[in-house]
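Please see the structure below; I have some questions.
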Amino acid sequence: MEIELLSFGKIAEFITIKKLSIDGISDTDGLKKYLEDKFPQLSEIKYKLAVDKQIIQKNRIITDQATVAIMPPFSGG
Amino acid sequence: MEIELLSFGKIAEFITIKKLSIDGISDTDGLKKYLEDKFPQLSEIKYKLAVDKQIIQKNRIITDQATVAIMPPFSGG
Amino acid sequence: MSDKKIKNIFVNGAISPSFISESIAKHSSKTEIGGHSIFLGQVRKDEIDGKSVSAIEYTAFEDLALEKMHEIRENIFEKYPLSCMHIYQSLGRVSAGEICLFVFTSSAHRKPAINACEEVVERLKAELPIWGKELFEDGSHQWKENK
Amino acid sequence: MSDKKIKNIFVNGAISPSFISESIAKHSSKTEIGGHSIFLGQVRKDEIDGKSVSAIEYTAFEDLALEKMHEIRENIFEKYPLSCMHIYQSLGRVSAGEICLFVFTSSAHRKPAINACEEVVERLKAELPIWGKELFEDGSHQWKENK
């Protein structure tokens, strides 16, 4: 399946790809493992995913053409 | 003894005198009773005295030439 | 950080928005500040028995109010790590919709500024000998009461 | 009182003191208001390992941030009897000493404005996908962390 990737803050410094073609992954837990393998720096920091603008608190299915945002801790204000 | 009177807020509408010559009164409790007799409206409202810019919480001696402020509840801000 | 001399807090009439923005702008050189908390009191056009408040006229026992404010200022600076604190209260006539009180606190992190600002507003209203006379459109009045 | 449409909160670069005073001035016709509470975030010139922060560059996941802010706004209007609430957050570069956040709440009596303002600031910092990049004078940077 194809997903669109959005990276923010310090994560955007090492995850610069905008698209991902992956097979055998169907949920956010699987995607996290995949991303942490591919980008080892990610496993060293706190981050959250948002799938189609929904912030993920627990594991969730990902469907083809989803937009997944990878977000480090917020620091607005 | 002679005391200077300062009246504020709604109290200034009915106590307009600036000086008081009184005898036989030596403390704020005595002065309050005197003022409430002389100005019956005063006994119907909440007020505080300040003697020489000290707000009075309990009875206190008044000396000649003191300045006594008669203050209704504050409503600044 | 506290000033030993007694500062004046009273201004004649309403506090203008441009005065507030100038106060804010003056803090751009204080680069240790991370948060400002501001409270503004605005005169309400309250309706009481069918009559509207058109303005409040403020009077104060000025000497005593400034001494009390000085004491509050010293307490607040002891209690919170503030960079700055500025307080302005109107005297005289302030029309409905205009600003009559401006409390402005600043600190490196937000919490002290926010907590100090709120505490100053509460103490100022409770402890400063200031009186507001609510003037109605028909020329009558009543004395404001703080809740 | 809440708006159904999603409002923008983002402004490009620093928030100017004159913008703040214009916002305040616009409320003089809302004569049911008795108190305004304002929080301003200012960029601190922090020193870290001998280097000074000269500016913060803000980025956001804008769509999600505006949706989240809309949700917070609705919650706050349900919880407090507010007349108004205005929120502005800078994106892009804001120099040390400049204003990057402006939260402005108004109510008839002071408590709702004060409590709502504080709650909005806390929730905005915790829940909105916004990131600050602290730029040092030597060209290096680090990512800001909220406490």
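Which chain is which? They are A, B, C and D, in the order written, and residues in each are numbered from 1.
The rule is simple: a residue touches a chain if its C-beta (ideal position, glycine included) is under 8 Å from a C-beta of that chain, and two chains touch if they have at least 3 such contacts.
These are the chains along with the protein names UniProt gives them: A, B = Molybdopterin synthase sulfur carrier subunit.
Remember, predicted model here, so these are calculated numbers, not experimental data.
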_Suppose chain D were gone and every other chain stayed put; which groups of chains would still be connected through touching?_
A | B, C
*Taking each chain's centre as the mean position of its Cα atoms, how many Å separate chain A from chain B?*
73
*In whole angstrom, how far does the Cα centroid of chain A sit from the Cα centroid of chain D?*
27
*Centre-of-Cα separation between chain D and chain B, whole angstrom*: 49
_Can you list every residue of chain D that touches 2 or more other chains, as numbers and ranges?_
41, 121
*asked:* Which positions in chain B are in touch with at least two other chains?
replied: none
*Spell out all pairs of chains that touch, sorted by label.*
A-D, B-C, C-D
*In the complex, go through chain A and note every residue touching chain D.*
6, 8-10, 50, 53, 55, 69, 71-77
*Hey, which residues of chain C end up touching chain D in the complex?*
17-18, 20-22, 24-25, 27-45, 96-99, 106, 108-110, 114, 118, 121, 147
*Provide the residue numbers of chain D that touch chain A in the complex, in ascending order.*
41, 58-61, 63-65, 67, 89, 100-101, 121, 124-133, 143-146
